[in-house]
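Chain IDs A, B, C, D, E, F, G, H, I and J follow the sequence of writing; residue 1 opens each chain.
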Amino acid sequence: MLFHVRMNVSLPTAMPADQAAKLKADEKALAQQLQNEGKWRHLWRIAGQYANISIFDVASVDELHALLTALPLFPYMQIEVMPLCRHPSSVRDNDL
Amino acid sequence: MLFHVRMNVSLPTAMPADQAAKLKADEKALAQQLQNEGKWRHLWRIAGQYANISIFDVASVDELHALLTALPLFPYMQIEVMPLCRHPSSVRDNDL
Amino acid sequence: MLFHVRMNVSLPTAMPADQAAKLKADEKALAQQLQNEGKWRHLWRIAGQYANISIFDVASVDELHALLTALPLFPYMQIEVMPLCRHPSSVRDNDL
Amino acid sequence: MLFHVRMNVSLPTAMPADQAAKLKADEKALAQQLQNEGKWRHLWRIAGQYANISIFDVASVDELHALLTALPLFPYMQIEVMPLCRHPSSVRDNDL
Amino acid sequence: MLFHVRMNVSLPTAMPADQAAKLKADEKALAQQLQNEGKWRHLWRIAGQYANISIFDVASVDELHALLTALPLFPYMQIEVMPLCRHPSSVRDNDL
Amino acid sequence: MLFHVRMNVSLPTAMPADQAAKLKADEKALAQQLQNEGKWRHLWRIAGQYANISIFDVASVDELHALLTALPLFPYMQIEVMPLCRHPSSVRDNDL
Amino acid sequence: MLFHVRMNVSLPTAMPADQAAKLKADEKALAQQLQNEGKWRHLWRIAGQYANISIFDVASVDELHALLTALPLFPYMQIEVMPLCRHPSSVRDNDL
Amino acid sequence: MLFHVRMNVSLPTAMPADQAAKLKADEKALAQQLQNEGKWRHLWRIAGQYANISIFDVASVDELHALLTALPLFPYMQIEVMPLCRHPSSVRDNDL
Amino acid sequence: MLFHVRMNVSLPTAMPADQAAKLKADEKALAQQLQNEGKWRHLWRIAGQYANISIFDVASVDELHALLTALPLFPYMQIEVMPLCRHPSSVRDNDL
Amino acid sequence: MLFHVRMNVSLPTAMPADQAAKLKADEKALAQQLQNEGKWRHLWRIAGQYANISIFDVASVDELHALLTALPLFPYMQIEVMPLCRHPSSVRDNDL
């Protein structure tokens, strides 16, 4: 199942640079692993913002929640989830 | 370039059924043509709503606007556009 | 999987009484059938409003969307869907 | 009487880990006790958020307020309460 | 129990004057009856608006909902309900 | 004249307990004095929130403002004021 | 006492021109009478909108409400009222 | 030209009292000077809030911006500006 | 002086095609005249919407209001005006 | 392609004056360089706010995002981007 997820990141401006760098590196590593596993189907940056639009493909809502809350940046993100389903006019079979 | 588009459709409840059916059929035909041409990259239904999330891949903002305003349902839609760009953590080269 | 659904109903005040009565009767019949099948787990009225809070238990987002859009009052409703998952402090096994 | 309660939790990111762990453990213990007593009827996590949807079954608004303000996480929560009542299409007698 | 209710009235400007007058007279009669019965404790007009703030004193949420939906103007009102409880600094025993 | 006032209190979580206790005690004392003087006609807690709904009966807007800004918790409150007037359907002479 | 009033006017586009002209003429006549009486202290147009910002000087909230609801355009206006009081830095004695 | 300005002040609760007092005194002095010069035409307190409604009479938008950003409290204020113009029903020649 | 203006157009879907075409042609003619006169400095379409962002260069707020309300589409537009001024980092002398 | 960008700046009031001055000087230098290169077409201050409206002319969304996130004040800004396209009534060829 596909879920549309918007993540807005807000790191405290007072956070030490190395702590922020470590968080971002860990976030990137996990994001890429989940993409390679096919669970994080799409990941786009919203222009001008420290925010992304993502499409997750998971077996259940519980799996989605587990993935999102395990992200290193989770404590610094505001997340909104919107369930998607197949559109009757879609021509792509594997796009849900 | 990729653009994130949300379309909310609101047909007047008094619209005759055949007019609505004609509009939807025309919309579907054009949507599928644009998907086959690669300009309308993704098309998903938002669960529980007469609304969709779409990803367009166009050469310019003008092309995007021309495509959207040519949709048969355009007069009945509220549309929001958000420009997307490549995310540094994305692993897919062709996903922008 | 559980989904939290809020439905706000808005019938045109000019709708003939018998048409409204027919719509509501059909809605009630289907709502009760879905409750008996276990797909519509909870259905509560929001005090003072022609609106409800519902909990659906479905196998997929597609099933949820199919159920909601088949409701006789769907053209007259504004619907918001929020995916739920098991809370770590919940004591009820069958409550997701 | 049933009340629909949404709780959004926001712990300061600077809170020491053991203080946060203690708060969460106390919160969980009380939440489970109230569930076992039948006053906290349902407790679900909202996917992707440190937030929950709860259904309380209490004898009065005063009892509801006393329960909510006694929660260890209360100072860190934003809470919205919505009174519910029996829906005429509900088939479950004990669901209000 | 006390509930804070805000009612915003919106009559169609095209409604015939006698129909509007009849609705308002019926509304007033019922509102006064409920006040005399002690269920509608306070009723104030919001300055500059066709809207009111009311305090209801009822035995249950179901009773509140039944009272509100029985109002002749209910189909033309937007209603918001907020449960109230005794304030620890209140000096009036009978004010909840 | 009556004014509908909503006060949302937000004490910093880092405020020392005795400072908070002192503020609340002073607030309570003044609130009760104003109630006894008839200027603070009603005071209710909003369920689940550190907030109240109040009805003030004052001779002027200036008096209202002076009373509100003199409250010990004023620096920690967000306040919204709405002027009320007599409702034509009210049966209570002394309720404005 | 002074009240800050914002009035947004929304005439149905289908209203006959002479009916609209009559309404506006009546509105203007009453507005000018109230200004000459000193009750409507200021009246400004918001640039680009069919809306105004007004300052009323009245003896009570009831008087304000009576004045506003007697305006010929009242059924077509959305009105917001905000009570004002003397500012400690004001140098004008007669400006409240 | 007249501009409608709303200023919401928010001083940090941790600001030392003498620093706050100095800021307010400087603000008051400048506000009174600008009133005496005729540039700050009206200044009213919004009841119950640390906020004001002001009417400025300036020769240009640049002058308005220069005046506002020179206020000692500017770094602690949220400001909204709305251009006003003469209302066709106004009876006062010098009120724009 | 420069003003930032956003115009959202909403023509009734039931408006006859020739009436809409006439309105749009008149609007275009006037818009082009004002651009040629230098009063309407910029005019851009917002992608995906029947809306525009415009920059007006006028001698006063009254002139701006007169221009906007004279637009043939004015009765069908929602307009928001925001005064602009020279930015200290701007390198263009004639851009205000 | 043109993009409409609104930037709201919010520097912590506790930031040392020299750090703020350095940030602003660097921001100004880069802003002027980008204007001279033709990528930052317009830059206006919003009256009364520490905010600007800008028009960027870039070859792609990626270029826009790179420019915005490289601004020294980026960590302290809230940015909203809106894609623009040529308006059919525009008379200026080089204005998109």
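Here is the rule we go by: a contact is a pair of C-beta atoms (placed from the backbone, for glycine too) under 8 Å apart; a residue touches a chain by one contact, two chains touch by 3 or more.
For clarity, every value in this text was computed on a predicted model and none was experimentally measured.
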What chain is the most remote from chain I, judged by the mean position of CA atoms in each chain?
-> D
Hey, which chain ends up farthest from chain C, C-alpha centres compared?
-> H
Find the geometric centre of each of chain B and chain F from their Cα atoms only, then give the gap between the two centres in Å, rounded to an integer.
-> 50
Centre distance in Å when chain G and chain J are each reduced to the mean of their C-alpha atoms | 39
Cα centroid separation between chain E and chain G, in whole Å?
-> 27
Residues in chain G with touches to at least two other chains are numbered 2-3, 45, 47, 61, 64-65, 81-86
Touch relationships between chains, expressed as pairs | A-B, A-C, A-D, A-J, B-C, B-I, B-J, C-D, C-E, D-E, D-F, E-F, E-G, F-G, F-H, G-H, G-I, H-I, H-J, I-J
Chain A partner, complex, touching residues on chain C are 1-3, 60-62, 64-65, 81-86, 96
If you look only at chain F, which of its residues touch chain D in the complex?
-> 13, 45, 47-49
Taking the complex as given, what residues does chain H use to touch chain J?
-> 3, 5, 12, 61, 64-65, 68-69, 75-76, 79-81
Complex contacts: residues of chain B adjacent to chain A = 2, 4, 27-28, 31-32, 35-36, 42-47, 52-53, 55, 82-92, 95-96
